[in-house]
Amino acid sequence: MTTPIPLKIAYLGGGSREWARKLMFDLALCPELSGEIALYDIDMDSARLNEQLGNWLHAPQQPGVISHWHYTAVETLSEALRGADFVIISIQPGSLELMGKEIAIAEKYVRFFPVGDTSGAPGLVRGLRSAKIYKGFAEAIAEICPKAWVINYTNPMAICTRTLTRVVPELKVFGCCHEVFAVQKMLAGLVAQYWGVPTPHKNEIKVNVIGLNHFTWFDKATWDGRDLLELVRHHIAQPGTLRPYRQPEVESWDDWFKSVHQIKFGLFQRFGILAAAGDRHLVEFIPGFIDSPETLFRYGIIRTPVSFRIARWQAAPQKTRDLLSGKTPLELRSSGEEGVGQIKAILGLGDIITNVNLKNQGQIANLPLDVVVETNAHFSRDEVRPLSAGSIPAGLLPLIQQHSANQELIIEAALTGDKDLAFQAIYNDPTTSLTLDKAWEMFTEMLSLDEGQ
Amino acid sequence: MTTPIPLKIAYLGGGSREWARKLMFDLALCPELSGEIALYDIDMDSARLNEQLGNWLHAPQQPGVISHWHYTAVETLSEALRGADFVIISIQPGSLELMGKEIAIAEKYVRFFPVGDTSGAPGLVRGLRSAKIYKGFAEAIAEICPKAWVINYTNPMAICTRTLTRVVPELKVFGCCHEVFAVQKMLAGLVAQYWGVPTPHKNEIKVNVIGLNHFTWFDKATWDGRDLLELVRHHIAQPGTLRPYRQPEVESWDDWFKSVHQIKFGLFQRFGILAAAGDRHLVEFIPGFIDSPETLFRYGIIRTPVSFRIARWQAAPQKTRDLLSGKTPLELRSSGEEGVGQIKAILGLGDIITNVNLKNQGQIANLPLDVVVETNAHFSRDEVRPLSAGSIPAGLLPLIQQHSANQELIIEAALTGDKDLAFQAIYNDPTTSLTLDKAWEMFTEMLSLDEGQ
Amino acid sequence: MTTPIPLKIAYLGGGSREWARKLMFDLALCPELSGEIALYDIDMDSARLNEQLGNWLHAPQQPGVISHWHYTAVETLSEALRGADFVIISIQPGSLELMGKEIAIAEKYVRFFPVGDTSGAPGLVRGLRSAKIYKGFAEAIAEICPKAWVINYTNPMAICTRTLTRVVPELKVFGCCHEVFAVQKMLAGLVAQYWGVPTPHKNEIKVNVIGLNHFTWFDKATWDGRDLLELVRHHIAQPGTLRPYRQPEVESWDDWFKSVHQIKFGLFQRFGILAAAGDRHLVEFIPGFIDSPETLFRYGIIRTPVSFRIARWQAAPQKTRDLLSGKTPLELRSSGEEGVGQIKAILGLGDIITNVNLKNQGQIANLPLDVVVETNAHFSRDEVRPLSAGSIPAGLLPLIQQHSANQELIIEAALTGDKDLAFQAIYNDPTTSLTLDKAWEMFTEMLSLDEGQ
Amino acid sequence: MTTPIPLKIAYLGGGSREWARKLMFDLALCPELSGEIALYDIDMDSARLNEQLGNWLHAPQQPGVISHWHYTAVETLSEALRGADFVIISIQPGSLELMGKEIAIAEKYVRFFPVGDTSGAPGLVRGLRSAKIYKGFAEAIAEICPKAWVINYTNPMAICTRTLTRVVPELKVFGCCHEVFAVQKMLAGLVAQYWGVPTPHKNEIKVNVIGLNHFTWFDKATWDGRDLLELVRHHIAQPGTLRPYRQPEVESWDDWFKSVHQIKFGLFQRFGILAAAGDRHLVEFIPGFIDSPETLFRYGIIRTPVSFRIARWQAAPQKTRDLLSGKTPLELRSSGEEGVGQIKAILGLGDIITNVNLKNQGQIANLPLDVVVETNAHFSRDEVRPLSAGSIPAGLLPLIQQHSANQELIIEAALTGDKDLAFQAIYNDPTTSLTLDKAWEMFTEMLSLDEGQ
């Protein structure tokens, strides 16, 4: 058995009640790594609770834990970053209440966002806020730990990730999102359903990933060398695959994140390329779907209520305390996320290829250099190198250019304080579709909330 | 007095009841040119009437006529093109009735197009039809008179003009539209209003033209060296400049083409660049305005009824006959169009600079090469060379890229017969904003009309 | 043990006396593949001898052979291609005598080419000839086996490989060259020398490959996570690393392909990036070195005499016959080439990453799309996908643009018959450096040879 | 008679013994302008003499002078720039002696530069020096008179002009050179010679200008609508047009700037496009001609001795004094330069189109944006707008890319102090063609001179 590699990880948003715990568990199950994790959060209480949880896992080691880590909640960003090998960022840019209010404002303008964290007016206003925060992160990292690898989990993914290298081009940054995995799993399901084999693991579903986070696409997908886009075509042609959903059916689901792929399949029918994100995300990037809850229901989409997010967030500490007190037994399980695998690859412990958000350096040939795009990349020692994903098809390109350009406008607006640029992005977004006056009203109403904070 | 230059002009759409007559009158007033004009039209009767009118003007010369031209209505395209120095194209791509039906279908989907000839679903379906016709023109010109200059007046301007060089890159093609002049005149009006001088001629309003036809922009405008965009800013700031219009007021106008610039000024307020087309065109390129007649009224826009176009078209022959019979006196007057001036410049009779639609050869630095764009150009002997118009501002670029890309998709669809590509353009268009299903329904309903012809 | 995958391989240049045998031996040692190999060559006798050799290996199996293949020399290209899964091309484009004469002509103009197969006047004239041949290959493959993977080994690599997809864009083509491996081995040697470890295998030398074949570069190289470019810097700084070589010393070498890296290190000193080809190739791409044998000697370069190539070529059949007759014992050994590994990866038998020549699809961000470049690529089932190699440094870019543009000019010249274009490439080449008149004389003298054939 | 427009002109290099006087005379002959001219020079005596000359012309007015100007030699750059409407720059970047030594060093390396001010090692080293000086100019202008128009006459033109906007992108800069006019005049001569008409004025020779200063090209040239490139083809085909020149003949010329167009015609023969600069400049941009004085003689090129420049420079003050003392009579004549015409156009006194060096904003479609290129431009009130010049032909493009990229490298080197970048430009230059060692030696020898100053 070799000695584990000692690391210092800075976790910004260290009070995170979801991503942080996934990471803790995945690290607990990984014997090759060990070290210190500094938890930094503007919500110090949450960071402290995570500190407790982390250290409880390791000292003494809970059953199943096979690594050694020490967690410390720290008071300052600088303290967190000092000596860091990796910086992980998963913050809430603004409160969930603020998010809820922004989405509610959009509803006043008859725009019903199922998620509201990436695109459309709520996503872009959130991006404006995030870019200002991330400017600070970029400058601090550049000063304190410029060689560290920075991994972002916060949405809006592209805006957050891009702001870091826009402000400090030398930073080593990538952004991770599991959205694509669900579509690989859906394809694995079709393999089982039509080809009579056991459902393959999602990693066996080979895909070429091309696009923007939450608006990602597969222009090629295979399993065992067989064409899965052809299979999707076959599946869509089956009676009942494309059908109107009804409100009660949709509302009866107990899973806010469920996708029944009606949007994805509809886009595939007309554009010949498979969108690789949940339908609730997709409708926030394309025209025509978010004009009423009824339209959304018809396509099997229910909006994730922010109240659910708040409740989940509020309930989380008690869950942790129950774990610490032994009230709930510990179930150690891999999260299915690839963060730890990526860290290991970067440390030289085994190459992997997976999808990731990176500065465009040619991997998408018909988007501008330097904007953040999502494609596959090869992770190896000290390196995350994108695979060439090719070009986006001509009919889809304008929509993707639009969103990518809007992300750049939002960052420019955040860095220069030019409110008009931010508005231009919001007006241009295909989900806005309001007169200039109404769009401006909606935008300034959202901004005033934010300023009121 | 020098001998006039002898020319052969082929007029495709020679039965034209508007553009052809403007040209006839302008030529009648131009002593430097003379020659033959072949009128070709699928509506031979109309061509014959224009032939009569043309020859009546010249043989013997009516009072005020100072040139010599002979007009012939011809049976075939080949005959028209044989020996032509210039080919002028102003056709109706499909009947006005068909146009009316397409616009009516859009209304079923709650999309109210004031014009419907360039962008949006009706404009793009019209483009699809036009590109097929223009492919034929391109091939015939290449075969019969490959050195001729081709001047297009038909809408959709960019699609028609671009199809010609897409099919035969060597053709010498430009497209003319007077839309920009009206905005120069509006600016001239502001000069008079605010600066207490007599209204300048539109040619004194110096502008940098940048964009696509009917979605053209001025990023610089001056009169006598003074900044007119600053003046527009001042004008907008006056109470009452931006105000809601009411339906009766708008409906009381007896001018279907009137523009009260509310859209233009609104865009200027938010984007800082001045749109250079009538508001009725502008709302067909941007999101949010065509969802109801009420919204249009509010911004002072009334839809040009196709019934008006049909009535005008039907009335035109009688007007001509009244002229020929002497019932109406002839009033010879320059049309204000620049066609004859452009022809003269190309023949070496005086350089001019004016706006024109041309293949992009770098004049707009951030649009792809070869798409058709509208900018200023320098017309001189045997040459129409664009002036560098610079780059489109970042916040406006995505909208313009979108429309330009859609025009390319429509042409590709027309040339390859790929219906999906055409649909992609229609779905992408910011005025569509429908679910995929509804957009597809609308599209196929329009297509079936066309196929039914 | 699983059943081997049955294949049909078409070998164009099947009389090859070097590459064909390497392939035969590598396939003999690979139990996962089996099948038919059609050998097609304009020199039928050579193809027949290879057929004999191939079948002698397998029927019955010689000791060590662990696969089953059947070889057939065929009379026509069509017969070779029929049903092929892979097409391997390694031809001699023109006789070795012709090559010798072209190099001799260059010497009359005081240009001493050590190799003469890729760049400079002899390489480009050879390219002109090759592009015409490859046009025929492209058309035949497109007609007979359009889905086959085409692997090129012929020089000039970029011109040959690019011609195939220039003529038929859909073909699946890549080009292989072992030149890079030797530089990896040199680096492995430095690792051993300076870091006191056993010489690593070349595959442990991790490199980012960027450039054109035979003018390839490493902008990053590591072993075990340690920076090898830094090590090269250290090595160069040692007394004696850079030193003048003397003619007798160089001439005493019994290896025509030896590289002492003086050019590579010199370029590294000034450009900060490591060239990844033998010095004898490098001097054919850069200015200033081929003006005299003395200059070449000074940098430890000796020209590979074409007489040696001819002798080797003439001796080869007897060697084969000696093997067949048992006079020479068979020594089965892997060639060190990666062809079979690549084929296996494409068949789904294990992914690899290695350097390869491919159409640029963004892998080099600052070269035009579609030109053939050399970078790393990920080989997996049915796919060869480049890794993003980034951008070529600004100071090196003009030289690489120059050569890449010249390759395109040569292909254009070959396909259109425009001799001037070919001349422009030759005059532009930095090794030519002659007046227009002398360059033209040299060029036409070379061409007349070729035409005389 | 309208009142002349009052101006303040800052003349940097105000001691100039050539350009300053041309300007003085041209201004003296222009009644529409008047005002103050501040002469700033590191050589104050020369500035004072120009001050004397300028004021002598105007107070009282010498015969023929029809304008009012006042000249002041000023001590500081700031004083010169304060309130300037136009800044004219024509400096000597380094002494003529230094220039002589640099050219002499190149000769030691068997490179014989006829001019040595723009490209090749001497031109690029001069550029390195100039870029440092121009950085200071840019910063001072940005601070003191940011709205002024800046007109550059100094060589290397592209490097000087580009440095200004590289350092301060907002500056309004263009660069003027008369090199193109001489080629227009040569074409006018051919018109007279072959078509039996009086020699046309050079302004009647209509050309499309495309390229880099001193390496400019005409891809179209007409007179009265007739094709002059065809005429050049005819001229070249005449016996005797292309012929070897002999040394005594060339040396007998009493004009150091004479061009017999052998290089230009040779390039036209092979590239099909007409170079628009004197042959002595052209050979400094292309391979193969500067290896010996004999080769240069053969093509009718004699090197301009720096000793001649020094003598002319030294003799100039006495000439001025002779004028002031009345020993030499004043002959007022337009210089033929276009500077005053350009200034008038910018002031709104009549549009002109002429060739000029400007930041690329798309006027050359296949060169990068922002590098300085030479094309035609339209000068009008407050505006210098390039005409779209199209694309450089594929066979010529690599050479032009090379030089343009080298100019950027030199500026980057000057601004960052990175000596290696400057060397890379020098090694890449097609006239260098030396081994790395020799090129480095030559480069550092030149640099040491400069540092020694």
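Residue numbering begins at 1 within each chain, and the chains themselves are lettered A, B, C and D in the order written.
One rule holds in what follows: a contact is a pair of C-beta atoms (placed from the backbone, for glycine too) under 8 Å apart; a residue touches a chain by one contact, two chains touch by 3 or more.
A quick note: this is a predicted structure, and the numbers were derived from the prediction, not measured.
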Checklist line | Farthest chain relative to subunit A (centres taken as mean CA coordinates) | finding: D
Checklist line | Mean-CA-position distance for subunit D and subunit C (Å) | finding: 46
Notebook entry, point to check: Per the centroid of Cα atoms for each chain, what is the distance between subunit A and subunit C, given in Å?
Noted result: 44
Next item on the list: Just give me the whole-number Å value for how far the CA centre of subunit B lies from that of subunit C.
Entry: 56
Item checked: Residues within subunit D bordering two or more other chains -> none
Margin query: By the document's touch definition, which label belongs to this structure's chain graph: line, ring, star, complete, or other?
Written below: ring
Check: Among all the chains shown, which pairs meet the touch rule set out at the top?
Finding: A-B, A-C, B-D, C-D
Notebook entry, point to check: Residues of subunit C touching subunit D in their complex?
Noted result: 263, 266-267, 269-272, 287-289, 295, 299, 394-399, 401-402, 405-406, 408-409, 412, 420-421, 423-425, 427-428, 430, 432-440
Next item on the list: Quick one: which bits of subunit B touch subunit D in the complex? Just the residue numbers, please.
Entry: 206, 208, 220, 222, 224-225, 348, 353, 361-365, 369, 378, 380-383, 385-391
